[in-house]
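I am attaching a structure below and will ask some questions about it afterwards.
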Amino acid sequence: GPADDAAPEASGRTAVVLQTDWYPQPEHGGYYHALLTGGYERAGLDVEIRPGANMTNIPQLVATGRVDFALGTSDNLLVAASRGIPLVGVFPHFQHDPQCIMAREGAGVDTLQSLDGKTVMMNPGLPHVRFLQRSLGIRLQLVPMDFSLTRFLSDPTFIQQCFVTSEPYYVGRQGIEPTVLRLSDSGFDSYRMAYASAAFVASNPDVVSAFIRASRDGWERYLGGDGATVHERLAELNPQQTPDFMAWTKRALVDYELAQGDAEAGEMLGRFRHDRLERQLAQLEALDMLDGPVALSDAFAAHLMPPTLAQGFPALLPVASAAEADGGDGIP
Amino acid sequence: MTSLGDRGRGWTSALKRHAAGWGVAGWPLLVGALITASWYGGIVAFGIPEYQLPPPHRIVEAGLQEREVLLTGAMQTAQASLIGFLISVAGGLVLSILLASSRWAYQGIYPYVLLLKMTPIIVVAPIVILWAGQGLASITVITFLVCFFPIVANTTMGLRSADANLLDLFSVYKAKGWQQLLWLRAPGALPYFMTGLRVAAALTPIGALYGDTVAGMGSGADAGLGFVVLIFSAQFKVPALFAAAFAACVIGFLFVGFVNVFAWWVLHKWHDAYVAVD
Amino acid sequence: MTSLGDRGRGWTSALKRHAAGWGVAGWPLLVGALITASWYGGIVAFGIPEYQLPPPHRIVEAGLQEREVLLTGAMQTAQASLIGFLISVAGGLVLSILLASSRWAYQGIYPYVLLLKMTPIIVVAPIVILWAGQGLASITVITFLVCFFPIVANTTMGLRSADANLLDLFSVYKAKGWQQLLWLRAPGALPYFMTGLRVAAALTPIGALYGDTVAGMGSGADAGLGFVVLIFSAQFKVPALFAAAFAACVIGFLFVGFVNVFAWWVLHKWHDAYVAVD
Amino acid sequence: MVKAAPRKHSAGALVRLVGLGKAFDGEVILRDVSLTVEPGELVGVIGPSGCGKTTLLKLVAGLVAPTEGKVEFGGGPTRRESLSFVFQDATLLPWLTVLDNVALPLKIAGAPRREREAKALTHIERVGLADATRLYPRQLSGGMKMRVSVARSMTVDPTLLLLDEPFGALDEMTRDTLNEELLRLRQAARWTALFVTHSVAEAVFLASKVIVLGARPSHIAHAIDVPLGYPRSSATRERSEYVERVVTVTRALHSVQE
Amino acid sequence: MVKAAPRKHSAGALVRLVGLGKAFDGEVILRDVSLTVEPGELVGVIGPSGCGKTTLLKLVAGLVAPTEGKVEFGGGPTRRESLSFVFQDATLLPWLTVLDNVALPLKIAGAPRREREAKALTHIERVGLADATRLYPRQLSGGMKMRVSVARSMTVDPTLLLLDEPFGALDEMTRDTLNEELLRLRQAARWTALFVTHSVAEAVFLASKVIVLGARPSHIAHAIDVPLGYPRSSATRERSEYVERVVTVTRALHSVQE
């Protein structure tokens, strides 16, 4: 079960709970890979992966020690931290959030700017919404997400939020090729990541380190392999996911470089860039979404990460350059 | 339970005694104070952080701070609630009358009324929105779907519970179906109807708020309370979230209060529960 | 409305007549056939695509195809519903008794019961999950929050509606509060209670399903119907989605059916609505 | 003016009970009750508590279905059309005032408000409740409720009046007054009545025929003509035929209860 | 055996009404009613319909609060403790059988099931309903319901019995039987009673004192002693004192209704 103070089990391993951000799906593939192939076990961890369902209060669950790790986005983490929810980002499994806007041809949408004046189905609480409205001056009429594609298919002018790795697949099967606009291209660019509570990180640095290494390894292997082991398990946990769908999703993860990132831009699997986070913090500040000051050094466990992964964090030894780090051996 | 004593006393004197004692507002305030005290007590004793359960004063603060958003949201939701409630009452009454009108209607229709009630809104919502369009109309329909059943169940039971002797009386005088319904079953069903109304009234703002979260529309700040709740929740504004919930409750209280006054006004002359002193 | 005639007839003969005629299943089937016909008719006439409103046979097909998921989902949700329902009944009864026990209790506590009922689940759910943990416990609590109020409102009204003459009788014989409650108010409140029970029973699977979507574990064998519905919805399996909704309804029908049988069993000897032929 | 109607079965009978029987849950309450009521007759029904008097009236009114035999309505305009029933319990609508309760049958018959209220008021005055028109049933005494019920039954100008112990809850004086009032009304309106009473004196004073129901299963043990003619007044009570019939009915009643 | 109790106010009085008055919604119904009831007395209350007899009994039982004056319970063990009330309406619990209805007061008093059923059965037999123990109220005739109510009032061995027209719905023979039964029981149990009746004959036959309530606002217009002593039997009805008192009470009643 979840450990307030991660305690070694009889096996000598530490039991921890990782709560995902939805039902089991390939977007969590790396973590499952680490779990299924014994990566976590070798790292001395006994991980339980718990589906996050539709829940809205996962940050609170982490902060109060009900679970040890959870998945979320960096923007939300910063907002939460500013409201006194002490969370620490530990491992970004996606360099960019797969959150997108998809539109049908009839909507006349080809860029984010062309959303101006349109009605879009989006989660109204998404920080992105504010960014589009306030920072980019795009006037949006919002309709809340209903987790259904019925209206998208019924209405050729419909526009809605989606995961680039998921909904387009189902829409495509109905013979519709949607226009997909990545929200990360808006300039408001979040990491999607695993995080833990400040207290947990402070008292279990070894566990966190081990988790980061094992997770990164899991992701690397998942994306590098055929994903069969993971997909088999995912199909058991969430039988609605066909092999075809999961293969498609995995391909999308690779094609969009969501996890691996763009090496040329200094991105790599599992890396936090201080400058990017700083920019996001400033953006959130400008959007008036922060209640108090947030110190990036407190909000991200850079000191527990392999040096190549924590780029530009002032408290650490500076990493010379992205290119150099790429060849580095800080990774197990 | 009931105080021994004169049940025939006029309501004016009952009101006077009410006003004289703790009655009208004292007890709720006392209980409220107790709850608030244990709220603070709990927060201190268990060290509950604000993001888990904010202390009351923080909720008030956040409520004041966000008052504009809350006010427009509450107005929106109140409007949807009101329309949804009225439609629920009207629709519920029509359905109840239909159901009580004959054994065949009851056995034939009731299962499908239940089916309608029991189909998860999340499944029906997209269809509703397709037909009624995004916004108030759909929210109203969803509110209706959430609220109408207590009215139907209660009113139907009330209509079917007519006193057998009075039914005999009506049939002696060859009352037509509608006369029996209007002058015997309906007045006799009032206590049941009022109970259904009270449940529906309490459900209404929830229904409207929920409807807003699935069928609402807005740019963020100009929407109903459902939107507001979604935004506050997604942005971890916990005290503000509680303030929004409280705003929804206020709407509900207004509805329930209105129903109570209405029930008293209709029933106090003859119904035991209202004639009685307590 | 009521057929003119002998209301004193024994229930055995009433049952016999039921079984002999259309009564028990005929009318619902007929109405069901009508609804199905107009469903197909509507689909053809308006050219409604399957992803908006699938035709019944496709729903059946999808239901059969997904039967394993639906079955485990339904079992889960039925379990949560049952526990939630039982807690609602028990909690609702205790609350009602408390509320009916004195004027002070009523005035002091009722507003807060309402407050509890009217606070949007979306706001309470996070707290519930924090305390009860993700999974069955939280789903049950959420089901309770959704279902308990109709029971409280109806039972309280029933308990307070005791006949004034019978109250006099009990006070003549110096009945204690609990005796009056147990032997007079409670039996008299049964018709109201049963109505509340019926509403709660119809609400239960919805509550459990909703609870599952916000607090469920939602994978593998732990998945309830809420999970199934969300996934089918997100994956655009519309006929399967309707089949899942139907599964939820089946649970509801079992609950309501059970409540109806129970109500009949308890009330048929003396209550007009049950003694009556219809 | 009017003589007691002829006693033979005739085509002109208003109501005819033919071999009427009734069982509840298999237990036979009434058995083989045959009776013909001519227009204008006042038939008193008397018998021990629980013998089936109320049931008999309800059978006639069609409120209870017979298990055997039938109730026929003869030539006249009746056919259960303009029937009135004073139930053993007052059976008032708790949410209506005395006035509205009394006016109810007229409301059902579709009479305009003004007319029905005027008529109701007349009858309310007749039963001595002029002061109570605006009260609700819960504010009335037991006897007042029964009087409201009697007044209500009169408003519709019934052809056949069924009265189930209408005056049982009244003091003797009010009762006598209402008895006489009833006979006076009958002179004007010429309705026919079946009435249940526990008072032999009342039965004989009002009735043109008294039937005595026997012990279970009940049937008509005695049918005793009262050859007093109408109108009757308090003076009637002193006539020897009256006294004689009271004795006969009392004896008949005793005989069925032995 | 027992003589009519002494008439003077005494410390040993069971109940004393002192200047009792009652108004409903401002309208005075009872005014300045003073009465002392000695242990063992049977007081008959008689008066026109709606004069306040039921209200008087409810005042004594404490079911209605007086607007003036008070009700005192004297030295004895009473203090409203072992009081029984037969209401004007039968007031049965619809969900209980006859047996359970009759046993209810004993159940409230905490008697064990076996004991209370045995006792209830005795009283059910006394009122002639031995065949009906398993029936529900809706299956009973009006008179049967009232008899259940009477039986119920007897089970608790009351010290003070309040009876509101207990036998009004019964035929004369059953009524006479129950009257005698009542007196027989009284001999054994020595309770005191206040009873309302519309029958002067019944009042005089049962009572040691008859009070006649006057017109509105009512008060005790006449209090007439009945010097017949107990036990009484049907033979009592032939005694000249009996006939004489019947005439006196009838006159008194007429005088208040003029």
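We call the chains A, B, C, D and E, going by the order they appear; numbering starts again at 1 in every chain.
FYI, a contact is a pair of C-beta atoms (placed from the backbone, for glycine too) under 8 Å apart; a residue touches a chain by one contact, two chains touch by 3 or more.
Keep in mind that this is a model prediction, so the values were computed, not measured.
On a Cα centroid basis, the chain most remote from chain D in this structure is A. The interface carrying the most C-beta pairs in contact is the one between chains B-C. Averaged C-alpha coordinates put the centre of chain C at 49 Å from the centre of chain D.
Note on chain placement: the centre of chain A and the centre of chain B lie 41 Å apart, centres being C-alpha means. With centres defined as mean CA coordinates, chain C is found 17 Å away from chain B. Touching two or more other chains at once are residues 4, 8, 52, 122, 126-127, 130, 164, 171, 213, 230, 233, 271, 275 of chain B.
Chain E has residues 24, 62-63, 89, 138-139 in contact with two or more other chains. Contacts with at least two other chains are made by residues 56, 60, 64, 146-148, 150, 154 of chain A. Listing the residues of chain B that touch chain A in their complex gives 49-52, 122, 125-127, 129-130, 134, 212-220, 223, 226-227, 230-238. By the touch criterion given at the top, residues 56, 59-60, 63-64, 76, 79-80, 83-85, 119, 123-127, 129-130, 133, 139-144, 146-148, 150-151, 154, 289 of chain A touch chain B in their complex. Those residues of chain E that touch chain D in the shared complex are 24, 46-50, 52-54, 88-89, 128, 132, 139-144, 147, 164-165, 168-175, 198-200, 250, 253-254, 257.
Within the complex formed with chain C, the residues of chain B that make contact are 1-2, 4, 7, 22-24, 27-28, 30-32, 35, 52-53, 100-104, 106-109, 111-112, 114-115, 117-124, 126-127, 130, 149-150, 153-154, 157, 160-164, 167, 171, 177, 180-181, 185, 191-192, 194-195, 198-199, 202-203, 205-206, 209-210, 213, 229-230, 233, 241-242, 244-245, 248-249, 252-253, 256, 271-273, 275-276, 278. By the touch rule above, chain E contacts chain C in their complex via residues 58, 61-63, 80-81, 83-85, 87, 89, 91, 93-95, 104-105, 107-109, 136-139, 156.
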